[in-house]
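What follows is chain A paired twice: with chain B in the first complex and chain C in the second.
On to the complex of A and B.
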């Protein structure tokens, strides 16, 4: 578990004390989180948002960096289908995440700890819903004993 | 320079190759490191895959040697035996077992020229890229489907990856074994970058952009997400760990695998691998018996599935088996010249010491000195589920062509 000090701030941890990394794209991903913030929507404090230009630039090596350095789960949030500002970055990352999911299953771990989502910049609830789904899946993976932390 | 060469677990191909080390060194060859009597060494060369139980022997070697070199993929990253890491075998790269600076000489087979240079402290040249040396060219197009290597390569000059075969050349250095020259996509034993397997996974998954991936509604907030259901993408690459992490699973930062183990390392290496990969893996890890091991695996399937094999193929295989005997005799006597002669004869027929050219039904690429390739080139086959046995090998495959049980009787 990464200490909150290491993260450079003193965010109160929520009841689960999870550590979730969310890669959010510059357009819809971060846009949806901003909209959620403006509308004062609540989402779990265990989320660390990593801004990326496009979800198409999230590589498996980056996701592994997060998981190996203490993240419990990783989510990638890109634009809606057909709306990627860089043509098809969201689809490319979906392919990579799906392959990683298969790899995790082959290794005997849960595939629920990573996923790719889409969001709409104008609707904050899409980002909040994605975070809820990440947490739900993480809890499922923990119950099965399929997370990377023993 | 006083050099100690230590063979730990697994195949002894690199240990045998180190016979070719140039003169001028005082070489001590140790095949049972646990009972090594000790002594001062300038350089210790470690070959073979490593388990936590080897730590005490490694500590003793580290304490009595100046420099330490990991020679061959097994010692540097876990190697092809490292695939058993998926099933809970705690295989380690040398650098995680010994608190000492290690010089890595990657490769399966490790190149003896690079080992020679490493003895003098030179870090192997990591600038060469396989794609630069490869004669094939890229078409820069997304793939519509992935091809499992069940069909004969038609010999044109298009990049393996663009044709749908998974070739690790993007993340590998060019090497002496040159699998791509034997009609085999690069295995990726000599990585050219950090974290090669995950980067190759990213690269190949990106190439597969036109292959369908399943999505579903989140139900929360009303957008879409990746679905858990199997789709065309997961069916395209039936064995991600074996295809992309062939040599680097223990060094990949993935935690120790929890897939069910069959009880021994060799079986665990093979279970879950597709049938078309089997002769390629046996060629890598069979050591000095790799030819008979590979031919056992190939012939078991050919006999069981009713694949016809030409007389010429049979003759060439007999020639290879005779060469294997020569090789074993040369290594037993420590005869450098005989070893050189045997390996170059094997390379001529089998493509390289990893036997890339040996395959189901025949050979993949023309063999120098034999004109009529139709006599020995044919290996189109269909997957037939069932149990296959020949010689020392018994294995079983399921309907998608994945191995579900594998045993080898040791003589």
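On to the complex of A and C.
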């Protein structure tokens, strides 16, 4: 945690120093990133993708893991509501993220470092929009001085 | 039938020997090497622990690249591969097949996407190369803990069940029977054919639906591969794809099957009740046949209406009437199930402003009743007459979107077919009585598809009036009994009060009442509207959430006959495929439960969307390998991390995260 803290607020940095972990589901999440790639939609290199089977399998432990290991923000990307390939995994994840947000607020951190998103495999811009939103929220949270790393 | 093998031993087979990883980086003919310095990445890979081979190639998916992998497996003895190239969907199977040919399990391959997720979306070369290295390290970390996953052939019971004998159910049953699959067709009503038999004409060609469907219903009744159960209900469904045990209950008809359909019993029966099949537009006897072409042709006695005068027993020439008949229970074993239970017509009585069914508003009817009135065998002889006094109506108003596109009744969806059947009925009336004044009050006219827009144009040419606006009320003059439809022409922004001799409501299609109990027996998920939810709205609209259960026709959502027939064909093909093949092939990528950690809290059972986890008799939780869809939803639900999906274990994902985040912390396992 000590190292992360040093990285977090002492050193001024630009966007590329961020470290964003995105959990993308096997169907629409990864599919949307693939489509974004085919369409050559540029996004920040700080975004790395962890493939999972369904957004509903992203456990709080995994999210905490990522943050503890030094991620600045975590995004969970699943299929659109009603289109989850495993029926209701995206709803489970949404509720889980909502609960975790409350937890982070109670702990005194920003609730913007973790977010649930949906994407459509056919539209790459949905995934790119999601990661841009993560970065935007993270930067705003950092300006307000309430990120996880403080 | 041989039983599928039991679940392999629950304890996981984690690698005990040191893994030997082969890393192969692809240039993708410049697609990757244009941004990523592939050589640097391969050199970096060599520095990672357990990596035995690290090579790069112009194109890994070419035969040269694939041979490179095979050679490394044979010569260097690597037992798992990491290929950094394109997406898992694109060439993952290519490399998995390659290592399978070289003697490894296909799940020992790990695909790292550095094309779509890196070189194509990153601006700078340095960033792209760094990201590729990170991704590669994550892939190597992940592959270190990969375990072989067995692909199992699961034998299936060669029989299918079709629930619902409407047009979709009959079509699906027929298509499967033609493939040589024994089919059990269960229909809740005494006859098959469904709503289609009730229609007078079908759009857009104004054909007679009875003539279109009777070859199919006759074929279903006479096909040696199809067993027909009418007047029957599903009592219980157990099992999963390949082997479902279904209990059905056949209600008594009180007429034996030696009935010759002579009709003497019905002629002499003294009781008359409104006919359900005729939407209450005619009367039937207490012992009856719903309609002349009914299949099966055996008569049926309505026990509730019968006064037990025994006339039918006395007049029957073949002694077929038997009041002592009991209900039967039949147990079926089937491999797949097609659900085609169709729809119900929305009951417009819920919308109070339209006064459907209220006294004094007898002239407010639904489209289905109008269809029944227009058929030549109806009580009016095919004439259009007002139900209140039997006079010929001069002005008919049709109201669209009754019960659909309506937030107040909770149905936001568009039924999609009401525009077409209102146009059809308006045209039929206009053809017969050009002097009749027909107005259609609509929100939007939706006629997409071949010949459909032309159909709309033809209605306009025939002089059908169209007013854009949803009527707010049907008012009745208390003195004269004259009905008025109060609406607004939203195109000219003028309030309109239309005098109407007869009002026809285009009622929506809603899920049938029986779906509630049936859905819970089948363990399929339903959409918010109540229809059965398809597996994927675009790519797999015919499968349900549960493997082996397929949906056809209007139970998936409102559909016309064309679409229902098309979907029934698709459902039949999907449901028959494993039965014709004789087995289903499935990767056993399933969760394993650590008995030592399990606290028997039932969380995984509650969260499993396909009900694949259950408690066995000895108190242990077991995963049904065949039903499992490898989604991993059970993992976060477990409070002790006792249940872990193979190759997606918590510690494996932790290792991956460690590589992806910049600076790994010492230790750092949350659990696993």
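The criterion applied here is as follows: the second predicted complex is superposed on the first by the 133 of 150 C-alpha atoms of A that agree within 3 Å, B and C clash if a C-alpha of one lies under 4 Å from a C-alpha of the other, contacts with A are read in each partner's own complex, and residues count from 1 in each chain.
Here is the rule we use: contacts are C-beta pairs under 8 Å (C-beta built on N, C-alpha and C of every residue); 3 or more make two chains touch, one makes a residue touch a chain.
Remember, predicted model here, so these are calculated numbers, not experimental data.
Trainee: When the two structures are overlaid on chain A, which partner does A:64 contact: first (chain B), second (chain C), both, or neither?
Mentor: Both: A:64 reaches chain B and chain C.
Trainee: Touching A:49 in the superposition: chain B (first), chain C (second), both, neither?
Mentor: Touch status of A:49: second partner only.
Trainee: Given the touch rule stated above, what does A:119 touch, chain B (first), chain C (second), both, or neither?
Mentor: It touches chain B, and chain C stays clear.
Trainee: Could you say whether A:96 touches chain B, chain C, both of them, or neither, answering first, second, both or neither?
Mentor: A:96 sits against chain B and chain C alike.
Trainee: Between chain B (first) and chain C (second), which, if any, makes contact with A:88: first, second, both or neither?
Mentor: In the superposition, A:88 touches chain B and chain C alike.
Trainee: Find the residues of chain A that appear in the contact set with chain B and again in the contact set with chain C.
Mentor: Residues 59-61, 64, 68, 88, 92, 96, 128, which sit in both footprints.
Trainee: Given the complex with chain A, which residues does chain B contribute to the contact?
Mentor: Its residues touching chain A are 86-87, 195, 198-199, 201-202, 204-206, 208-209, 211, 213-215, 218-226, 228, 231, 233-234, 237, 239-241, 244-245, 252-255, 257-260, 272.
Trainee: Considering only the defined contacts, which chain A positions touch chain C in the complex?
Mentor: 1, 3-4, 7, 16, 19, 21, 27, 30-31, 33-34, 36-38, 40-43, 45, 48-54, 56-62, 64-66, 68-71, 82-83, 85-89, 92, 96, 122, 128
Trainee: Considering only the defined contacts, which chain C positions touch chain A in the complex?
Mentor: 87-90, 113, 115-118, 120-124, 127-128, 130-131, 134-135, 138, 525, 527, 533, 535-538, 545, 607, 609-610, 629-633, 635-636, 641, 645, 648, 650, 653-654, 656-658, 660-665, 668, 670-671
Trainee: Applying the document's contact rule, which stretches of chain A touch chain B when the two form their complex?
Mentor: 59-61, 64, 68, 80-81, 88, 91-92, 94-103, 106-109, 111-112, 115-120, 123, 125-130, 132-133, 148, 150
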